[in-house]
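So the structure is just underneath, and the comments pick up after that.
Chain naming follows the written order as A, B, C and D, and within any one chain the residues start at number 1.
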Amino acid sequence: MKNLIIYIITAVIFVVTLGVGYLIADQYLGRAPEQPINFSHRIHAGDNEIPCMYCHSYAERARVSGVPNVQRCMGCHKIIKTDSPEIQKVAGYWDRKEPIPWIKVHNLPDHVVFPHKRHVKAGRKCQECHGPVETMDVVKRIAPLKMGWCLKCHGKYDVKNGRECWTCHT
Amino acid sequence: MSGILTRIKDKLKSYRVPGYRTKFDYKWTMVVDLDRCSGCEACVVACYAENNLPVVGKRDCDVSRRFSWIRIERYVEGEYPDVKVKFIPIMCQHCDTAPCEIGCPVYATYHNQDGLNVQVYNRCVGTFTCATYCTYDVRRFNWFTYKWDAPLEQQLNPDVTVREMGVMEKCTFCIQRIRVAKDTAKDEGRKVTDGDMQTACMQSCPTDAITFGDMNDPNSKVSKLAKSPRRYRLLEELDTDPSVIYLKRVMDDKKGSGNGHGSSHG
Amino acid sequence: MDNISYKEVNEDVVRTMTKTGWKYWVALILCAGLAVALWGVPWGYQIYVGQGVTGLNTPTFWGIYLANFVFWIGISHSGTLLSAILFITATPWRRSIYRSAEAITFFSVLTAAIFIFVHMGRPWNFYWTMPYFTTRQLWVNFTSPIMFDVFAISTYMTSSVIFLYFGSIPDLAAVRDRVTGWRKPVYTYLSLGWRGTDAEWHWLSKSYTFFAVFIIPLAVSVHSIVSWDFALSMVPGLNKTIFAPYFVVGAIFSGTAAIVTLMVCFRKAMKVEKYITLMHFDKLCMLLLVMSLLWSYINVVEVFSGWFANTSAENETLRYRMFLAPHSYMFWLMILTNSILPLLFIFRRLRTSIFVCVVVSIGINVGMWIERYLIVATSLPRKFLPNMWHDYIPSLLEISVTVGSFFFFAMLFLIFVKVWPSISIYEVKEDIGFPMRKGFKRH
Amino acid sequence: MKRRDFLKFIGAGGVGTGLGILFGQAIKPPGSKLIPYLIPPEDVIPGIANWYASACTQCAAGCGILVKIMDGRAKKVEGNPLHPISGGKLCVRGQAGLQSLYNPDRIPGPLRRKGARGTNSFEPISWEEALSEVTAKLKELSDKGENDKLYLLTSALSGHLGRLTDDFMAGYGSTNTINHDLFDYRNLRYANSAAMRLDAIPHYDIENTQYLLSFGADFASTWLSPVNLSRGYGEMRQGEYRERGKFVQVEPRISLTAANADEWVPAKPGSEAILALAIAKLIVDSGHYTGADASAWKALLAPFGLTYAAEATDLDKKKIRHIATEFMNTRPSLAIGGESISAYSNGVSGLVAVNILNHVAGNLGIKGGVRANDRDLFAGTRAKKVGPGIDALIRAAEAKEVGMLLHYNNNPAFTTPGTVKAAEALKNVPYIVSFSSFMDETTVLSDIILPANMSYEDWGDHFADPAPGYQVATLMQPVISPVYKTRSLGDTIMELGRGVGGAVAEKMPGGTFADHIKESWSKLYSQNKGMSASALTFERFWRDTLATGGWWPEGAYKEQKLSVTPKRVARHVSKEPAKFDGAATQYPLHLISYAQAGHLDGRGANIPWLQELPDPVTSVVWGSWVEINPKTAARLGVKMGDMVEIESPHGKIQSPVFLYQGIRPDTVAMPIGQGHTLYGRYAEKRGANPIEILPSTVDKRTGVYALNSTRVRILKTGRPGDLVKMDVSTDELGRNIVQTIAPGATGKVPPSSHH
């Protein structure tokens, strides 16, 4: 009888922790998907100190920051490091007139309005949300991108109407 | 001791539910001139296009599940040949003391800093309370997850969420346009002024029956129109304090309905 | 009950729990199967497809589910409230029926609570209606009558369960001492080591009395709050000051009727006629009569004041409810079952006729269900703007869910009888008196 | 608890968490793709809308529009606020044009007929194949020397596309260009031309008038240029700093426009012309008219006495006199004649009568009256005279005189009376080429379909007719890339012309249609001084024009004197009543078929928004209905929603009943637009088409089929109909929902004044 109860409790603990584990994975473990091209932010933003908004040029102006267009890549890589196999991949896309199918790392649900513009104009550093990208070879999501995380920051900087639902949701 | 109290207060403030404001940044108001309104329903289609309203089909129309956030109601009185037809566009009245806001258990609908009665889709659990309490029948419910036949979905407005099943929705006074206007104004370091934005219905109205603007600004067009002696508000006796102001239709109907009634707020 | 010995009582009650005929099993499986088929499966489909499978429409956002919710909450008032009132007033005939009545309370509150989720658009987010601290800094709306409901019903459910459990402890101990096999450890746990000492009896009696007193205002408030779901809106036909007492009276009325119906079935099925006698029915029917008169009075007042107010909205609702298709026949059926048929109970002979009791009590339950249904289904379709009026006709799925809920309830009750002493052993024994003193007569 | 148990728990917890994380990581959806531009287009920022100016082609009014483009897709159409026709506003059909563009039932690419004609069995082919086949057929016809047997059937094509098709036809050697639309105002053009010598439709200055007397012009929803006229209507009612204008509508039923009128005058169908002339007579007799030819007018109008008119129109004498007095004493006043006065066998006479009325009241050529538009709409693009109508084509087809038919953008098989049997006639045509975007009743008859781009995908221009008193040229540019494999109609025509060779090829301009448009505009620019004044170079002008949406010399309005003389109109003024098919004893009810606000002549029926848009008057959605007065319905024993049979001498259709107080008891009305047998999933097999049961009665002067020229009877079927209407009750029940105020109480109040 006693054993039965122990077993039951063990099973319950197992199931509950299974769920907890899933939630941890879902909410807090970032992910670093494999990209079609092994682009290294460390080399570009870190070693060569290219400003973020040189490539992500819409961040100051629009809701999205924008992935650099292939033309922008080739603007430099027509000359620089043309012999590297990864750059040749980019050149391949350019020659085929194909855009590069990058994989999204940071994704927000449709009902969230997140204007990069407002955040950049308010003086927030890219790294506050995206982490030390300039040190990453493969970009990894470091923030959970969940509402509580957003609100923490809105509270910290005392954003006007920063806790209003309709500031971010449409 | 007082330190702890302040901290508790602060903590609670962060939890303070929105909606206890008496002063608003803006006081968005709509004035509908019934004497101008011809009932052509251009506003209805504009709303469909702007706000991603689904088309539900004949069967669901039959059980009154049409989605238009703004609708034209008609009232016909008299017998042939003395027949009068009257139109009134009705959209969410954005009441200041809104019955729906009282009803919602989860604050999916509340009053925001602009005096708008807003609906937060992703918070909605679908208890229907708001729609039941609404005295103007302006709330619409997503009975199903609606689909658009390809490629019609390419028309969907990316600024507006496509709602999923089980969520209540209603006229937002085109809050996405307000957001754009505020964004632009903020870039230019000023407040939104009259004419910076129009709601979709106002934009399309061929007879200029709908005017939208900020009531806090005494020089705005709505502020001026709101002083008209023709002013009244819909079902004013219910004391919901709507933000939509109607201007009476000039009409020679024998009943003379509304003469002296509801105009006392001018 | 004078010729019953203590032993007999014990054995009879334990027998109801241990001896199960095949008919009982069939009934239980049937109920469970039908509950799943008529309620579970359609509900699953509704969650998958959306609320569109119901007959709800734009002005009528609340339909048969809300009516069921109120109905089951009403039924729940039978037990706990009745039991508590009768306990405080030391009414002797309460003793053999109160246990089942309290169980009915619990099960019907449970059914009612589930109906809240059935009627929700996104039931998977139900926990958002609970107040808890989250990182999202979201809170619930304490001004919402729906929130009042959440608190009232959860409090009521908890108190009812505790009330039921406290009153059962000595019986559980009695059962513990008489069963074998797997039941033994279960009832050992459940009876909390009850030994029957004087101190234990003393504290049981104290706490039981406390709960009895506590639960009466609670029960009244619960149904008042349920009525406020409607009464605090502005909708003509719902916005009525009289709704709170109306609902409380209605709840007791329907609850009592439910008890009568169930008691008839129960005593027949479990062959416990010696504990639930005609005297009990006599008293219950008297209560029904009183409640019926009260209910009729409030109904007349409601209609009269509505008519007297003579506003367009109020007139239209009354007209729609009483005279127009598609619901007017229901209204008059309700008047028949709730106001006219219970008048039969003026006669003692009819009060003690099981047949009349069954007919009238089932009639009252039907009538009370109709009352709740009409409140929703004839008010919302006739709101303020005539242009948006739209009739509400429940879809087959909604009706199926409604029927299914009765099977669900029956299933719970059937299970209850098998796992819980459904007649209070110790209180029935009190009724019998002391066995060692032959010739003792109660007055 | 034992230690072993505790360890068990710890173990279970650890393993559970680990597995949970693994599981969570494993089922994480693969991130969606993030596709950048290869080369970013200019001015495009993702997520920020760009607005491009164009013209609306949902009807012939030619409103200037702005199309909202985000990420390469059209999101919304709004009026162009700079444009003088639309003034930033747009009607239901204009806004719903997007669902026409993105319609799932558009013809996705060139098709060739596979099965028998009319069976809707087509196979997809390539554009090269399609073009070469049509070119070969054109050559074949030309080789046979039957060049004049080529017919072109289009809706009225405005601007340079129209000129290109004209050039094509002229080069090919055929004069058979047939312009047809159900509502193309041929009667109005003819009447204006006959009475006032105007080729272009004048500007009806509703905005500035004080008294508007409309004879069945449903300008609030469909007539002429609804957006422009509605804008005027709004101003007439509550424009700032002016007296509120009065509005009287003469119509057998309360249309959307009549619902807005201060007075509804339900004249008997077919008697509107008599009413207009009677009012004119009262005005002339009263001495209000002081022209030299007053006596001639008196003589001409003599037969239209008050007693006669009252009897013919079924109106009160007092009412007619009252209207006449107000009409002449309120300055300026304006009479307009719309569909319901012109939809009879003598429709032109009615519209002429309206012109007479305007003339004798002194409303011609004044602010707030009828103002002439320039005949020369745009240098070299004259307003078209009334050419041959659809009846000419059908007669030719019946006589097998059509060798080949090019068809674009209209649907005669749907919009001509059933008795005409247009589809049967067109089956006689050996080879039909269609440029249509949708498989409708006419397109399905074609042998090959070369779907054209929609206006949002194509270059083009539009010259407004009616214009608001000055020339308005609207430029169309492709605002999105084609949704399907379609091609610019201009390019197709040019390619065909070049392929055929000879005179046609010479007429065809070089380059693409886009080049042609730009070149034509540069010609216009150099010809027209008004254009040059605003910009220094053509390139600059072109850029500005693309941004603003077109060119219009606002303020260039020159008041032009207009007049009607008794001599000109004498032959159009007669007491001869309108002809109705069906004996009054057998068919007691008049049938009015009118343009439904959303569907116009049926072209909107495949747009879900418009199907679900409640009719502004009846609130019916997704179907058709027949309006019957409750008194008549009670006599017939039918109630709301019952299915009835509407029988004319030429056939019968079924439709559910809509009880409507606002219609004469001797009249029933049906909307046009539904009843398509073929027009995409949203339109097919829905409602009934009243045109099916109309006679082939035409006004002989113009060849326009008269829509209101039959009587019908209503037969019960005993079945319930499929009527779905949004209004449950139209009774206000004294709830003060639409509050009103008597006209005297306000007159006009400037908005700023305090109460």
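Some points to look at:
We take it that a residue touches a chain if its C-beta (ideal position, glycine included) is under 8 Å from a C-beta of that chain, and two chains touch if they have at least 3 such contacts.
This one's a predicted model, so the numbers in the text were calculated from it and none came from an experiment.
With centres computed from Cα atoms alone, the innermost chain of the structure is B.
Of the two chain pairs shown, A-C and C-D, the one joined by more C-beta contacts is C-D.
Per-chain CA centroids place chain A at a distance of 54 Å from chain C. Work out the mean CA point of chain C and of chain D, and you get 63 Å between them.
The distance from the centre of chain B to the centre of chain D, with each centre set as the mean of the Cα atoms, comes to 31 Å.
Centre-to-centre separation between chain A and chain B, using Cα means, comes to 36 Å. Residues of chain C found to touch two or more other chains are 137, 384-388, 390.
Among the residues of chain D, those touching two or more other chains are numbered 47, 726-728, 730-732, 734-735, 737. Within chain B, the positions touching two or more other chains are listed as 14, 64, 66, 73-75, 107, 123, 235. Shown here, the protein chains touch in all possible pairs. Listing the residues of chain C that touch chain A in their complex gives 134-137, 185. Those residues of chain A that touch chain C in the complex are listed here as 1, 146-149, 151-152, 163. Taken together, the chain A residues at the contact with chain D in this complex read 6, 9-11, 13-26, 29, 31, 33, 58, 61-64, 66-71, 94, 97-105, 107. Of all the residues in chain B, the ones that touch chain A in their complex are 14, 18, 25, 107, 110, 112-113, 116, 118, 120-123, 159-162, 175-176, 179, 183, 186-187.
Note for the complex: chain D touches chain C at residues 726-735, 737.
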